[in-house]
Amino acid sequence: MLRSQSILFGASTALLALAGEPLAASFGNGPLAIRVGRAETVTKGVIENAVILVEDGKIVTIGEDLPVERGVQVIDRPQWTVMPGMVSSYTRIGLDSEGGDDMSPDVKASDELWPKSRDMRKVVDYGFTTLGVYPAGNGIPGLAAAIRPRGETVAEMILKDPAYLKIVMRSDSASKKRIRDAFAKVDEYEEKVKKAREKWDKDKDKDKDKKGKKDEKPAEKPAEKPAEKTDEKKMADPDAQDVGSEAAQEGKTDAKDEKKADGFVPPAPDDKSRSFVEMRAKKLRALVTLAGAADWLHWLDALGKETIGFDVRLVLNQDSDIYFVFDKKTYDLDADGIGDRKVHAVVEPVLTFTPHTRRLRNLPMELAQAGAKVCFTPRTDNLDNYKEFLGHVSELIGAGMTRDVALRALTQNGADLLGVGDRVGSLEKGKDANLVFLDGDPFQPATRIQAVMLDGRFVFGEVDS
Amino acid sequence: MHTSRTIPTFAATAFLACVAAFSSCASSRSADLSELAPGDEGVAIRCGRVLTVDEDDRIHGPGLILVKNGRIAYVGPERDIPAGYAVAEHPDLWAAPGMVELHAHVQGSGGDINDMVYPVNADLRASAGMVPSNPAIRRACAGGVTTLFGIPGSGTSIGGFGVIFKAKTKATYDEAVVRDPGGMKVAQSYNPERRAGDLGATRAGLAWILEQYNEEARAMNREGTSTPMLENLQKVHARELPVLIHSAGSDGYPAAARMWHVGNGTRAVLSHGCFDAHLTAPWLVKTGVPLNVGPREIDFASTRDGRITGIAARYLEAGAKDLSLCTDSPVVPQEELFLQGAVAARYGADSYTMLRAVTIAPARVFGLEDRLGSLEVGKDADIVLRTGDPLDPRSRVERVYIDGRVEYDRRQDGQWF
Amino acid sequence: MIQLDLTRRLALVATLAVSALPVLAQDGEKPAETKEKPAEPADGEKKKEDEEERWFAIQNGDVYTGTGEVLRGATLLAKNGKIHSIGYDLYVPPDAKTLDAKGFRLYPGLVAISSQGLLGNASSDFDDTIDPFNSRMILALGTGITTTGAGTAAVKLKRFSVDGAVVNEKIFSSFSWSNSNPRVKGELRDKFVAATNYLREYREWQRKVKDDKTLAEPNKRGVDNTVLAVLQGEQTAKFVSNDRDELLGIAHLAQEFGFRPVIEGCQEGWTIADELGRAGVRAIITPRDRRAKDERQVLAGGASIENAAILHRAGVPVAITPASEGVDLSGLVGRDIMHLPLEPGFAVRGGLPERAALESITIVPARILGISHRVGSLEIGKDCDVIVTDGDVLHYKTFVQWAVVDGKVAYDKEKELFFAHIRPRPEAAAPKKIDAGETPPDPDAKPDETDEDVEKKDGEDEPEEKGDGDEPKKDR
């Protein structure tokens, strides 16, 4: 116990006290200190004899052998290991609707959520505190959301919505056409915006000449476009323009986002184009499902000049040939490899064979070595596989994957993919208190999860002080 | 086997001429350079190259073959031709022995390969269904195949007894037959498995069916008795007749060797040996059982190591002796027996060994090497003249002699293949 | 030219036949059909003034150009994927990639006139569906094939890239000409008549409309566009036929209307070779086709191993294809696309000269596919599609050591598992042995769908089995 640390600890506690949060005696309220034998922080290595202080659903601090002020509730478990709550960034556990048509980029998985879903709630018991749920279907089925598996209401469950746009890529004309057409529509939209802008500028210049005239010339436009604002008063109050125009209402959020300082509000894109507009504006990323090496090349070919941000989901069939495109150099490709783009790659924790042989390959390991950020998704999207998840990942460690990569693939990488990497995914100060407590090394077969904490509250496991 | 030496002295020649009458080893017979007597038929064939495929693998270029009354009287370098011989000049052609096929089903009408009522056809004779000089046989001749073992199919554990015959193009049964029964045919993998609810759905069940018959035959041999139904099976167990066994896979192939070669001590020849049977090559070679590879020459899916495995090459690497090849015609057309040699060579076997695999090796393992399989003095004059390497598809067969007579001549008969 | 009487019609045919010859000599300058994909990357990088140069040299090998020339110990130099020069003492830029082919031969990459499954699992829209990693493509490159006809397109086996693989599209229009369907024959003939008349009227109108602008364009109603395309040389008419009578009918149709058909099968072509030659027929043949002569006929008939040779002598260009156009790894060897170079050997057996045999799997299929200005022989300006072999490409033991497509090594025998263990290259690593401890596969394991079943889907049944057939069949 270092004096300086103790003082610091006491000071921060005092500050918290000053902030008006009383120290309560029961769990879930007030600060809680948990002492464990080992903490796998993921981002900052392993801490032995770790102490984690949790308050108001956040990790207040974490360190080795930190002294705990009297009055703070302490849970002492020297045999336990703690790791961040795991993230399954690509799942439909607990959801059961089927896909619709192949071009529905406006469909949201969050619309399917229902807080009472038994299976979804259950994954918490297996250590999963963050999920990325995607809509069902082929083609471009829609937008995924980052969620907590439990909540009283849907709103409580949502962490980030949308998290990514799911795109299923196959080596066929339909897939490529879909992508190309969608971006062609974005071009059209940008043209439209440009024209609207030009007109607006022109009209503004005209009005400058007519300064002083009392009557406004709103010059009614068709429903999609918002009414032009020539009146300075209106320019100061952007919300006023949206009243009465239904289409403009839909575009309200966009209009607000797009609003320039001088008050120009661009027309809203139609539903099917919106996600693509946002992708081009780098406000949304895509997650592209690929089944084989050829799919990767066809995806890059379909993208053409587009520079959108995307990550990949690689379906690892038993004889997967995806390793051909892990990097550019090994097979002297003209195009980039998956690792070269440093994308996140969602894969199952499964060993495959070199095609036509019985020689095992550890593709997730190779993928990580090539530079991609591996995120794990269960082998099959059901509760059994969530239960066995750590065991499956252990197989890959046994086959050569490093622990660090494996841990990250279960936690931080998935969080980053979902865009909530600043909130969850590691044991760091300020992040959500999503913690999994185990009675040993997470990757040993005898280890069992003892407790799970979600947003600072124990939601699994019997824990008393 | 022996290696032969050229005999320089007359005395030695005379001595050996006497020995030859009792010896079954053809290579020790001496050449007959006497002139033709009245009533003798003789043709002297001069070739650019003669592949004898004898034990010393002698090749004469140019060479001369003297054929007298259906047998080879002389084969060697160019020399003066005794009087009376008709002379065939083929300075551009290669001569090679007629090829020997141990696994053919083209002796009959074409559709009648299997009779599958009994699990064992103890005394069925393929010869009864033979159609001599049928179109498949004629094409086989044009492809350089001169002797075939025509057998029943593999639908039953013992298919029956096959007939050894020459691929003559205009012959009666008696003129074509070499030996009937020529040997027994057994099938032990996959095909004979019965699904009708009777015994024989499993390999063990099939083995039991076979062993019941084998035990009875052996018992009768011991007692010195016989019954008509089992007479020929008894000959198999007395090693008087060979038995050809259809078997494959690393499960079936060694099991067949265990039963027939090691267990029953018969003159067994294991046919096919495809899929992943080659993985058991070291043990098979140790037992010494002759292997007859074909029609499949490669394996990829069963061996599962990402390699295209040449089956014959693998057996040879393990030390197999007298490996022979087959077509299982019509699965591979009979006239393409040479191609089996070519592709076996392509996938790793030695080419010359593959030439032996379609000539002397099948003759030897079936006990026919005193008559067939190589161009040596005293053997049947089954000679194929081609424009080049016998294994190369580009080599055209120009003429085929069987028992010293021209059975196929491309210029006269047209090019059948 | 509106109404042709017989004499003028014959003259027209003769003119067309003669005028076709310089086209042939120039190796297929088919207008507008060939898709020229530019060499620059698809991401739209601006082409620099002095474009980046990619040099590649294959040195010290014996170069068999496919035009009858052999240059022993020569160098083949390629720039940006095209053959720049072939010869001796060539200057090879220091940054060039090189391949030492000492002791080996160079041949043009083989052109399979037709195949199945080499480009992946799809059979059309190859720009969007090609799978340049599929194992059948590797095996085909290992056979020496660098370009294949696929459906009505011609596609390169361009490994590791989806860009620029399709060389030509919409090459063929298929027509039916069958004795069992005389009505269709009549209808086809009528279509040709209608199209010919229309063309004649159209050309007449083109001539006259210059002086009289009010002249109406001839009516196109009732004119079959496919047939029109054939007459205008934009598409090639393709027939599948083996029967002597049918072949004669096609030849006469071709002579009457002035087009050069491609006939696939052509088994009895040898009986009327001269007619086919005069009609400008191109034949796609499998020398080992077996077909019995119809014994009711006195005329010669049936298949003949001499078919290719006889047709060739009569001036019919012969392309050769194996009996099975897919990859067959089930065990029976020598009759599938992986053994393409074996098949012309049987045509040689039947009397075809060796040079024509090589051409039957290189320049002749290239011409039929309309891509002979790019592939089919090793000549300056053509694509650098080269195979390096360890012997005569038509010999049964020869293996392809390297296959080069567009100046890039697409296949190296020693780097793929398939054939590396067979007569490995001397400087390559020692062949991988099967471990003594390696266990045979689990007999209960379900076989992988990608191997057997896919290969079988290529249409390769167990060949010529009668009744039970004797060869061992595993229950699958």
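Observations
When the chains are written out, they are named A, B and C in that same order, and each has its own residue count from 1.
Here is the rule we use: a residue touches a chain if its C-beta (ideal position, glycine included) is under 8 Å from a C-beta of that chain, and two chains touch if they have at least 3 such contacts.
These figures come from a predicted structure and were not determined experimentally.
Annotation: A-C is the more contact-rich of the chain pairs A-C and A-B, by number of C-beta pairs in contact.
Located most centrally within the structure is C, per distance between chain CA means and the overall CA mean. Subunit B and subunit C have Cα centroids separated by 40 Å. In this assembly, the C-alpha centroid of subunit A lies 51 Å from the C-alpha centroid of subunit C.
Between the CA-based centres of subunit A and subunit B the separation comes to 71 Å, rounded to the whole angstrom.
In subunit C, 417, 441, 448, 451 are the positions where the chain touches two or more neighbouring chains simultaneously. Among the residues of subunit B, those in touch with two or more other chains are 300, 304-306. Among the residues of subunit A, those touching two or more other chains are numbered 354-358. Within the complex formed with subunit A, the residues of subunit B that make contact are 300, 304-306.
Residue ranges on subunit A touching subunit C, taken from their complex, read 171-173, 175-176, 292-294, 297-298, 301, 304-305, 318-319, 321, 324-325, 331-335, 354-358.
Subunit B meets subunit C in the complex at residues 103, 105, 110-114, 116, 135, 153-155, 187, 189-191, 193, 246-252, 272, 274-276, 279-280, 295-308, 310, 313, 328, 330-333, 336, 339, 342-343, 345-348, 351, 391-396, 415-417. The residues of subunit C lying in touch with subunit B in their complex are 290, 292, 304-306, 329-334, 339, 342, 345-346, 348-351, 354, 394-397, 417-423, 434, 438, 440-441, 443, 447-448, 451-452, 462-475. Residues of subunit A touching subunit B in their complex: 354-359.
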